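Paired with subunit B in one complex and with subunit C in the other, subunit A is shared by the two complexes that follow.
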Partner chain A sequence: MQTLELLKNAAEFSVKGPLQSIKFSIGGLDVTISESIVVQWLVIIILAVVFFILGRNLKLKPTSRRQMAAEYIVGFFRNMVNDTMGVKYKKYTVYIGALFCMSLVSSLMGLLGLRAPTSDLSVVATWGVITFILTQRNKVKTGGVKGFFKGFIEPMPFMLPFNIIGEIANPVSQSLRHFANILAGSVVGGLVYFALGQVAGGLASIGVPAILSLYFDLFSSFIQAYIFCTLTMAYVSMAECD
Partner chain B sequence: MDNLSQAIVLGASAIGAGLAMIAGLGPGIGEGICGSKAVEAIGRQPEASGAITRTMIIGDALAETTGLYSLVIALLLMFANPFIGQL
Partner chain C sequence: MDLLSLVRAASEAAEQPTFSLVDINADTIIFTLINTGIIILIYFFFLHKPVCSILDKRAEAVKKDMDDAEKAREDAEAARTEYEQRLEQSKEEAGRILSDATKRAQQRGDEIIAGANAEAANIKQRAEESIEREKKRAVNEIKDEIADMVIAAASKVAEKEISAEDNERIISAELERIGKEN
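Our next item is the complex of A and B:
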């Protein structure tokens, strides 16, 4: 009987896209400020404040705990880029670090009860497009325009369509993976919170969600940020023409 | 009549969502293989456990992708059904 009640209530559960309340147009171009963008502004402010505080009065020999943390973070990204891409791609450290922090903090926004911007495909797809542009740029830079076009007919000319599809599939799969992982976390989390609220008069919703959050929010967010950055680095460094 | 066709579409979509999630089998097997090989590798070479774990997690994430595609399809069918509008 209770199960039936639960199932009946479960019909009310639904997944909604991000709110799109602010709409205006500039010169005939429709602009929508969605919930994801507003939350991303919040993420940018958080990151800016945190890194501003971390980067103030640095000394040659670290004495404060604050500088230790800052050096650990910088070292983490530097090692990541050096291990995956090699030392000659050192300048990508800045972009990879920014991407990682943005992705991680955006996904963690779900913990605060906000809608995580990364569970919106348009946010993650933007990062995928940036990776795509960086990849193509690196191809042109290392092989020239001739090498860029020659790369599409290698190893055989009839491979041309497959190579083009392969190029486009990279950013699509990369961004869909990140998006679907975070979305799956929030959907499963929402379903479980909903179900826990129904049993034992809502008492079960104290404490139990914390264990789920540990996996779906903390672990999954970190892993997805890490994988997105690793794949970006791999695509960019593999695009090198010889 | 209209009610009936709507009911058919809704029921078929629910079945479709369930069928789509069968794709969860593939990533499950793939990640299992990935994990077992990583354990073997760490057993053989414990000092490389850091690098092995890192590689394993990336492999896991890549194997997971097809499952997530099916999840996207299932979620579309359940919460943003494209077929209801075409009735």
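Our next item is the complex of A and C:
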């Protein structure tokens, strides 16, 4: 009887996409702002406050842990870019750092019970598009327009379609990986919450999901941000024409 | 209609429309681009720039400190060399002073010895002169005594009083002759 009840409830469990939070129109143009964007605004506020606190009043002789942390974070991204891309791509440090922080904090929003913007394909696809643009730009920059087009027919002209697919597949796979990992995490988390809520009168949902949350929210968020940034760096620096 | 279904209906009415789970929405992309740009700016101006500037400043300060230390080391080295040179010089100076003093002392000693020798020679000469003089005096005295004795002897021999003046004159003449013969 109880099992039947559980199954009946389980049928009602569904995972929906992000809410269409705000709708308005400017000059006859309908604009729909999704939940992801609203949460991103929160992310912006959080990052602005954190960065502002970390980055202010720095001293030549570091005395505070705050400054140590700030230097560690900047040094972390600096080293990451230097190690993966090389020193000549130093200026990408800012983009990679910002992307990492945004991705990480966005994913961590799941911990606050909000919908993580990174579980929205549109958000992650945007970063994928940025990666794609940076990659193509680096090709043109290092090889010129001629080198850019020549790259598509190498090593053989008949490789052209595969090369094109390869170019597009990179950011697509990268975006889907990030999006799917975070979404899957939130789905599994939701399922666990739902299931634990059904047994033992909902008492089991206290404490137990914390362990899963540790993996799906904390670890996965960090790892996905790291992977996304590393892939971006790898794609951009590998696009270099000889 | 019971209460439960009423609540459910109300919540369904309040439920906002959602995007589908796997969907690419142009509005979301545009806003995400804007938000990403904002976060890049925030990261750059609030964290990256201040930290990088402080790191650069620190690197400069460390370089300066190291240069200063190097300079100080060089200065110390130079000072040490100079000190050693001076020490060497003063050692030489001391040696020279010592040898000068020794030489001078030697000279002075030689002078003193020479002076003493000269003095001794002088004294010796004077003594010799004095002895000579004494000898002469003694000879003269002996001469006088011999004269007196001769006179006494002669007067006894003559047994006759000759005037003292005649005696004196004869004997003196005689002695003078003897003296010359000597």
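Following the convention adopted for this analysis, the second predicted complex is superposed on the first by the 238 of 242 C-alpha atoms of A that agree within 3 Å, B and C clash if a C-alpha of one lies under 4 Å from a C-alpha of the other, contacts with A are read in each partner's own complex, and residues count from 1 in each chain.
In the analysis below, a residue touches a chain if its C-beta (ideal position, glycine included) is under 8 Å from a C-beta of that chain, and two chains touch if they have at least 3 such contacts.
Computed from a prediction, not measured in an experiment: that's the story for all the values here.
**Q** In the superposed model built on subunit A, check whether subunit B and subunit C fit or clash.
**A** fit
**Q** Would you sort A:A48 into first (subunit B), second (subunit C), both or neither based on which partner it touches?
**A** A:A48 contacts subunit C only, not subunit B.
**Q** Examine A:T126 and indicate which partner it touches, taking first as subunit B and second as subunit C; both and neither are also allowed.
**A** In the superposition, A:T126 touches subunit C alone.
**Q** Regarding the shared-chain residue A:S173, is it in contact with subunit B (first), subunit C (second), both, or neither?
**A** Touch partner of A:S173: subunit B, not subunit C.
**Q** Of the two partners subunit B and subunit C, indicate the one touching more residues belonging to subunit A.
**A** After superposing on chain A, more of subunit A is contacted by C.
**Q** After superposition on the shared chain, which partner residues are touched by A:G97: those of subunit B (first), subunit C (second), both, or neither?
**A** Second partner only.
**Q** With the two complexes superposed on chain A, say which partner A:L183 touches: subunit B (first), subunit C (second), both, or neither.
**A** Both subunit B and subunit C are touched by A:L183.
**Q** Between subunit B and subunit C, whom does A:V74 touch in the aligned arrangement: first, second, both, or neither?
**A** Only subunit C; A:V74 stays clear of subunit B.
**Q** First (subunit B), second (subunit C), both or neither: which does A:M159 touch?
**A** neither
**Q** Which of the two partners, first being subunit B and second being subunit C, lies in contact with A:V199: first, second, both, or neither?
**A** A:V199: touches no partner chain.
**Q** Scan A:I227 for contacts with subunit B and subunit C and give back first, second, both or neither.
**A** first
**Q** How many Å separate the nearest C-alpha atoms of subunit B and subunit C in the overlaid structures?
**A** 7
**Q** I'd like to check the shared interface: which positions of subunit A are touched by both subunit B and subunit C across the two complexes?
**A** Residues 15, 17, 183 of subunit A touch both subunit B and subunit C.
**Q** Any idea which subunit C residues touch subunit A in the complex?
**A** 16-25, 27-29, 31-33, 35-36, 38-40, 42-44, 46-52, 54-55, 57-58, 61
**Q** Quick one: which bits of subunit A touch subunit B in the complex? Just the residue numbers, please.
**A** 14-15, 17, 173, 176-177, 180-181, 183-184, 187, 223-224, 226-227, 230-231
**Q** Flag every residue of subunit B that touches subunit A in the complex, lowest number first.
**A** Listed in rising order, the residues are 57-58, 61, 64-65, 68-69, 71-72, 75, 78-80.
**Q** Which stretch or stretches of subunit A touch subunit C in the complex?
**A** Within the complex, subunit A contacts subunit C at residues 15-21, 31-34, 36-37, 40-41, 43-44, 47-48, 51-52, 54-56, 58-60, 67, 70-71, 73-75, 93-95, 97-99, 101-102, 117, 120-123, 125-127, 129-130, 183.
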